[in-house]
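Inspection log for the structure reproduced underneath, given as structure tokens.
In order of appearance the chains are A, B, C, D, E and F, and numbering begins at 1 in each one.
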Amino acid sequence: MEANLDDQTGEALGYVMQLLLDAGALDVYFTPIQMKKNRPATKLSVLIQPAAREQFVQLLLQHTSTIGVRYQTWQRTIMQRHFEQVMTTYGSVQIKVVTYGEIVKRTPEYADCARLAQQQQVPLMTVYQAALQQVK
Amino acid sequence: MEANLDDQTGEALGYVMQLLLDAGALDVYFTPIQMKKNRPATKLSVLIQPAAREQFVQLLLQHTSTIGVRYQTWQRTIMQRHFEQVMTTYGSVQIKVVTYGEIVKRTPEYADCARLAQQQQVPLMTVYQAALQQVK
Amino acid sequence: MEANLDDQTGEALGYVMQLLLDAGALDVYFTPIQMKKNRPATKLSVLIQPAAREQFVQLLLQHTSTIGVRYQTWQRTIMQRHFEQVMTTYGSVQIKVVTYGEIVKRTPEYADCARLAQQQQVPLMTVYQAALQQVK
Amino acid sequence: MEANLDDQTGEALGYVMQLLLDAGALDVYFTPIQMKKNRPATKLSVLIQPAAREQFVQLLLQHTSTIGVRYQTWQRTIMQRHFEQVMTTYGSVQIKVVTYGEIVKRTPEYADCARLAQQQQVPLMTVYQAALQQVK
Amino acid sequence: MEANLDDQTGEALGYVMQLLLDAGALDVYFTPIQMKKNRPATKLSVLIQPAAREQFVQLLLQHTSTIGVRYQTWQRTIMQRHFEQVMTTYGSVQIKVVTYGEIVKRTPEYADCARLAQQQQVPLMTVYQAALQQVK
Amino acid sequence: MEANLDDQTGEALGYVMQLLLDAGALDVYFTPIQMKKNRPATKLSVLIQPAAREQFVQLLLQHTSTIGVRYQTWQRTIMQRHFEQVMTTYGSVQIKVVTYGEIVKRTPEYADCARLAQQQQVPLMTVYQAALQQVK
């Protein structure tokens, strides 16, 4: 689901991003675009389940300045995901394990690393690397 | 309808935007992209009615450097629109009223505000705010 | 001279670009930026002569939503420029000749090519290439 | 103060933006850039008082992946600012009044409007427009 | 085929672009986007033949940090293409001739011009213009 | 050193980036900008030592379409750097160690990881993580 916005401020768009995420959008992102009459503008993209479409059409029309919304169905392939726990000098960190057939990827959870980095006053990368070193 | 352009100048792209709008495109916009071999490039997007597709394929192939055009059908939900008139210290301004079910949005027409701002040598925002204050 | 704008619409920014060019700015351009609180925003850059600074500070503060403007002096090296005339099947086109020491560059004037392309209903590139072929 | 970052994730950059704002930066923003070897990258810009420079050099070197930071002094012209209060159907909103010589701009405070919009379950624009209508 | 990436560095993305092109993608490009939590990010787009979809899903899931890939079928109109040879002072250059109905476009091959420019130590534009002047 | 380019193709800009890097520029990067007359454009930025300025002015004027170049001196704080070697299952990888006062950062060299990843047909991230796990 997309809308091009050249008559809404960045302030208001930041507000809308949070509102759409709170309403259950799978993902929300902005792309800088350039519209007619020398207008720098923003394309708002919202990924949602098809069943939620009418709800999000309403939200976009109500909370943005657009007069129209366009949408389309995409197919998706999503990896399976589960979590493991590792212990670092800075505390416990969840490792996100995602799999698809024989492909396996393990990455430390951002939110955990960020929380520990703030608590212990160390750089985020230090915690991230420490967690990664515990991954087998 | 989209084309990625890495072999056309910005000057020529500005020309093409106007040409496509004059030919009746619903909307034309540019997105900055990055292509292979370190090339900064521009994605040209054109929104048109399905029936106009072959006409715009021709225009794009003729007036841009692309050797191919890709396209796809999107659904759209568009609000109903009509205009009201308000009077400000700077002159008369049209208010665009857009509705969809119970949603109603009223915004001063940009073109009217811009014209009055130039005539009266005041900032655009001054006229815009004056018009907005007359909206009930 | 620069200002970051997250509380002004693209519509209004397009208006300001024209206003600043009309006021004699050497160049005006927009850069898409990303500000705090998830706000997509626009950096407005204006190149002017140092003597015009206070005039443009006033224009920016008056016509944009910013509460501050920052500026700095840059050195520039500019090529000498003069024009030559060539004749094409589509009409007469000015060639911009720019020189700096032994460096010489010749390019057809965009405005001439654009005007002829419109008059003769041919692509801009056709006129541009025809003009380029007449350059010695 | 600026650094080009092509070896840090967006996740980590979002973390750094907040960290720099919490440390007292006047402004922090990102610009999308394109670096060598086909790398999409991000330029991190931080506006600070000259006296805080060494503190922020340390923060950037510690919390980002960069191996160097570049900086420069800009002049700024900042408008005087004070606040007025207006009452709307949705509650009380502060109006930011900024002045520079004869230039005066009044805009409803974003934070107040956002808070009321959330409390009353109405669009941000509705509160914003209501506040604007109370401005004399 | 698209994926939004906020947890992979620009360095790694430059590597992936090359890998996807080597694997036979028709085109690969990056678009700067802005995701939640103040994250500057990159949308990776890959154009492929429908039959190659599962192969590229595997490549994207294996070589990028994404946990999901989305895709969709686009129609394309592609011009016919053949090559002609012209001789310039700097050497022989291929001219790409593309046609679609009555539309014909001739442009000097970038790779040939680049190679000659490097060999002869002249600007790319000089070779490009010389080649263009030989085009009938 | 900067130049705004709206009359050069992305193809030609990719060529110029390599040429400037080969000539010894410390860094070269592109920023997408938007210029007058609806032109999507590219700002070319080149970081060089002050002593190389006239050489690079010449290169830019000769190899790009610009008629002028602007420049300015920035201060820089650069971390000390040396390399350590670690052994992984995939082969030997250099670790870049950068220091500034008490700040120390260790990161696997991208070029080494990329080379091994290609040789062993494994994802770049796999090699990168393996190298990181050997860092003390």
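The rule is simple: contacts are C-beta pairs under 8 Å (C-beta built on N, C-alpha and C of every residue); 3 or more make two chains touch, one makes a residue touch a chain.
Everything numeric in this text was worked out from a predicted model, so none of it was measured.
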Any chain in contact with chain A as well as chain B: C, D, E, F
Pair from E-F, C-E or A-E with over half of its contact pairs in common with A-B: A-E
B-F or B-C, whichever has more C-beta pairs in contact: B-F
Type of chain A:chain D copy interface by residue overlap (half), same or different: same
Superposition rotation for chain C onto chain E, Cα-based, multiple of 5°: 180
Maximum centroid distance from chain F, chain identifier (CA atoms): B
Centre-of-Cα separation between chain F and chain C, whole angstrom: 28
Centroid distance [mean C-alpha coordinates] between chain E and chain D, Å: 36
Residues of chain E whose C-beta touches two or more other chains: 7, 11, 17, 30-32, 34-38, 40-41, 62, 65, 72, 105, 110, 125
Complex interface listing, chain E residues touching chain C: 32, 34, 36-38, 40, 105, 125, 129, 132-133, 135
Of all residues in chain A, those that touch chain E in their complex: 17, 21, 27-32, 45, 47, 72-79, 81, 98, 100-101, 103, 105, 107, 110
Contacting residues of chain E [partner chain A, same complex]: 2, 4, 7, 31-36, 41, 43, 57-58, 61-62, 65, 67-72
Chain A contact footprint on chain C (complex, rising order): 5-11, 13-14, 17-18, 30, 32, 35, 37-42, 65
Complex interface listing, chain F residues touching chain E: 11-12, 15-16, 32, 62-63, 65, 110, 114, 117, 123-125, 128
